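Each structure below appears as structure tokens.
Heads up, the next two complexes both have chain A, just with different partners, chain B and then chain C.
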Partner chain A sequence: MSAMNVSNLTKEYLVKLFAENKRFDGRKNFDLKDFQVEYGVSNKAEGSARVKLGKTEVVVGIKLQTGEPYPDSPNAGNLMVSGDLLPLASPRFESGPPKFDAIEMPRLIDRMLRESGFIDLKKLVIEEGKNVWTVIVDIYPINDDGALIDAASIASVAALRNAKFPGLHENGKVDFDKKTEERLPLAEEVIPLSFTFFKLRDSIILHPTREEEEACEAKVTFGVSYWKGQYMVNSCQKGMKVPFTRDELETISKMLPEKHEEIVKTLRTKLDENQKA
Partner chain B sequence: MVKRHDGRAADEMRPMVAKVGIIPNADGSAMFSFGKTIAIAAVYGPRTLHPQHMQNPATGILRVNYDLLSFSVADRKKPGPSRRSKEISKVTEWALAPVLNLEEFPNTVVDVEIYILQADASTRVAGINAAAMALAHAGLPMKDLVTAVAVGKIDKELIVDVDKEEEDFREGEGATDFPLAKVSTKDEFTLLQLDGKIQPDLIPKALDMATKACEKIYELQKAALKESIGGNK
Partner chain C sequence: MENEISEVQETSEAIPETKREIVIPGEIIVSGDDYLPGEGVRREGDNIVASKFGLAEQIGRVVKIISVTGSYVPRRNNVILGRITDVLHNGWLLDIDAASSAFLPVAEVPRYINQHEMSQFLAIGDIVSAKIWSIKGRGIDLAMKGRGLGKVEGGFIFRIQPSRVPRVIGREGSMITLIKEDTGCNITVGQNGWIWIKGESIDQELRARKAIEYIADKVNVGGLTEHMEAWFKDN
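Showing the complex of A and B:
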């Protein structure tokens, strides 16, 4: 599998297939890929998870640091999301300074997590105005076979739920040798997740394979969570040149709660397994 | 009904100004302001793209650069591109591209430079409104204009044209900022970004609110363009 653009022939065939609500792998347009979650990617990380969404694989590690709070939020800890599209994961990814996709990925996950209120940053204060925790979410795709942002969102939630605080030295610095059993202050029911809808001509699909994703002409990512008994959209970003119509966007927004529920159903059991471990 | 701090109705925008032809050197230029937010845009091109290996013999390329001037915000912005400005540049490029027909200008680039002089939220949408006018002013063949506005949600209420104070609202369901751009006379959205908390079923309502607001902004864009060619003063 080398880095080659999808041929016009394949693209036209996909147009026909999607119009009939069919896909090469037997799914319908809005059918999700199956996914698996594993923990313990690195014992040096405070929390970690590996998610396989179809053939797409992403690892996320959580690191915790202490330091001064930002002047405009002396009573809150910080969230930082970073990551890179390593050439390891796809023939399409190149080394060197981050290109747009590599800048966009952590920013989309950042907004999804932050706006959902999943992490209670106010509970990350060690000494008010002086010392707070910074939660760092590092995302690395290991194999990109499409729907990378969606896979990264599942892996980020799993890794955050997996994380435990390290100990502290008397001077307030982190003692990485001293592990605690204390978990991060996370809102149990929120579970933020991303859903990226891809458009090819008049058809819209979810969880594309790499080939499908490359054939598509527009995409829009929604970050969704469950907050105080209702579903909330926390983030959104449209990508690529082709516009979305109002009706397409209405169809998509109506579908978000059921798709969120579908992922959460499987994810909950994986998270519970982790909680017992 | 919502009470907005400056007394505006939910569907009321701040006073707007649109001006075309503000930078003599540029092939096209314009400014657009929503209240205290001021954006200026210049278009250079189509011109030969360098380095040559970046040229596309099938079409011209649109290249957008958006940034805040260092003194446009309270805490001085470090000059030079940031991850934020790179992201906004790219989504702005995607927002404008659908109305252009650059196939007629192979191997060229059209550069759109957008800068914010004064920021009071809604800067990217002000920039898009200015850039769309500047592209038309440059005489490029266009299928339509692009018009943009930020819909917001304060606690439970939808509003249009969010300012900084509204963006920072923290009570209840907090503030949602939902910048949108559309092909001016069509039901096609070319930019969608969002931050905050909004129920999925409010999204179509927000789109309709944006569409209504964009109709008014579009009239202003057209008037400014007409004035630039025929307003013999």
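Showing the complex of A and C:
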């Protein structure tokens, strides 16, 4: 924990660097990290993906279960997102009851997925009011070098795309030994993604490294999707003490479509390979 | 035992060419009464057994292990960089990336400090270079009396693996001199793997950091100083 706190020197230096649109790793303020996707990393899960965003690494597994629907939505499946910040991912993370960040991460991913309509929950009904599919998204950070939420969002989308339904017994229970070729009912063009912008003094950066994230004073996360020909902000969460100005938020929102497209472009080529496999 | 690294590793001390083997804990390095266990090894009956992962080395009769990874193990007289984490009435607490935090007493600072205004001299988050004065059971004591020691101002701090520090310094400082000359930056390398860089322009400072991170990344390359001379031409 202690060693991860940034020194006064480095913080002041980062202020100077960002003002010149420079970063320690040679990127510009809004440049994205390189990312790699690997599918089917877990053979017990119905779908899984490992995403490396720079040095940040996240594994997401999808489990599918059957169960009763919630009383307020008898004709829709359930979506559950859970995740914990494992101590293996970073010296900052301690084991024990989840703290603020560990509660925030899965909730942000949940809202991003749910509000975008990426998963057509209505199609997950087996018997209305009695038996529906529950989609469980489990997020496991393997290494945290900043931008963990953004990496988790890419991994969640990739893992959902990778998932296949297991077989069903006649009594409506799941037969995990039987695998079908049927994939989840996903809205192909939507692709929800999270973008977390960090602010240090007057500069805003995207996809920070650990040391940059430690130095920053405010953050704001947007869940963005592509819906019927236009980009939508589905969720938004501001964190830490310092406020964002209206101008800054306008700059960010103008940038969102471009950054979304950039990631989707890479993701799609990799998704297509996955669909073939 | 096949992984022998025969080429000389650059260290700050000049060590004659020796055979080095990668060993894992529990591995028998040598057998016989002729050998003495050094750092990171223990004697079990006739055998000298490794206690940690690293490169086993024999110098004369002594067998020791040089870490290739792992956290910083403080040693007396090491010059380190540390970050102030707390201001007490009689000194400062520092984080030096070791297992325990270090204490810098006011008396070990070579100037007069008003006890009521200690954070005017060193505040939380400030970086200092200091020397390890003593290591006792209750903690690590530092001193700041000496040339080049004191509060670090300007530039920036970053960290590398402490086990790579000898490589970054090079034999008799050859590597660090090369980097300093090429980039024109002031560089201080703490034994705990913290490195401070301050130069004339941001580009030169970033270049110096890139060079050092490149060296820290190349674990088993021989003749690294020559390699880096070429690197500086290419980058």
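The working rule: the second predicted complex is superposed on the first by the 274 of 277 C-alpha atoms of A that agree within 3 Å, B and C clash if a C-alpha of one lies under 4 Å from a C-alpha of the other, contacts with A are read in each partner's own complex, and residues count from 1 in each chain.
Heads up, the rule we're going with is that a residue touches a chain if its C-beta (ideal position, glycine included) is under 8 Å from a C-beta of that chain, and two chains touch if they have at least 3 such contacts.
Only a predicted model underlies this, so the values are computations on that prediction, with no experimental measurement involved.
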| item | value |
| --- | --- |
| Touched partner set for A:Asn5, first chain B, second chain C, both or neither | second |
| Which superposed partner A:Thr180 touches (first chain B, second chain C, both, neither) | neither |
| Which superposed partner A:Asn234 touches (first chain B, second chain C, both, neither) | first |
| Chain B versus chain C as contact partner of A:Asn21, first or second or both or neither | neither |
| Greater chain A contact set [chain C / chain B] | B |
| First (chain B), second (chain C), both or neither touched by A:Ser73 | neither |
| Doubly contacted residues of chain A, that is, touched by chain B and again by chain C | none |
| Touching residues on chain B, where the partner in the complex is chain A | 83, 86-87, 90-91, 94, 97-98, 178, 182-183, 186-201, 203-204, 207-208, 211 |
| Chain A-touching residues of chain C, taken from the complex the two chains share | 83, 85, 95, 97, 101, 123, 125-127, 152-159, 196, 202, 206, 209-210 |
| Of all residues in chain A, those that touch chain C in their complex | 2-3, 5-11, 13-14, 16-17, 20, 22, 24, 26, 211 |
| Chain A residues touching chain B - in the complex, by the definition given at the top | 100, 103-104, 107, 111, 115-117, 220, 224, 227, 230-247, 249-250, 253-254, 256-257 |
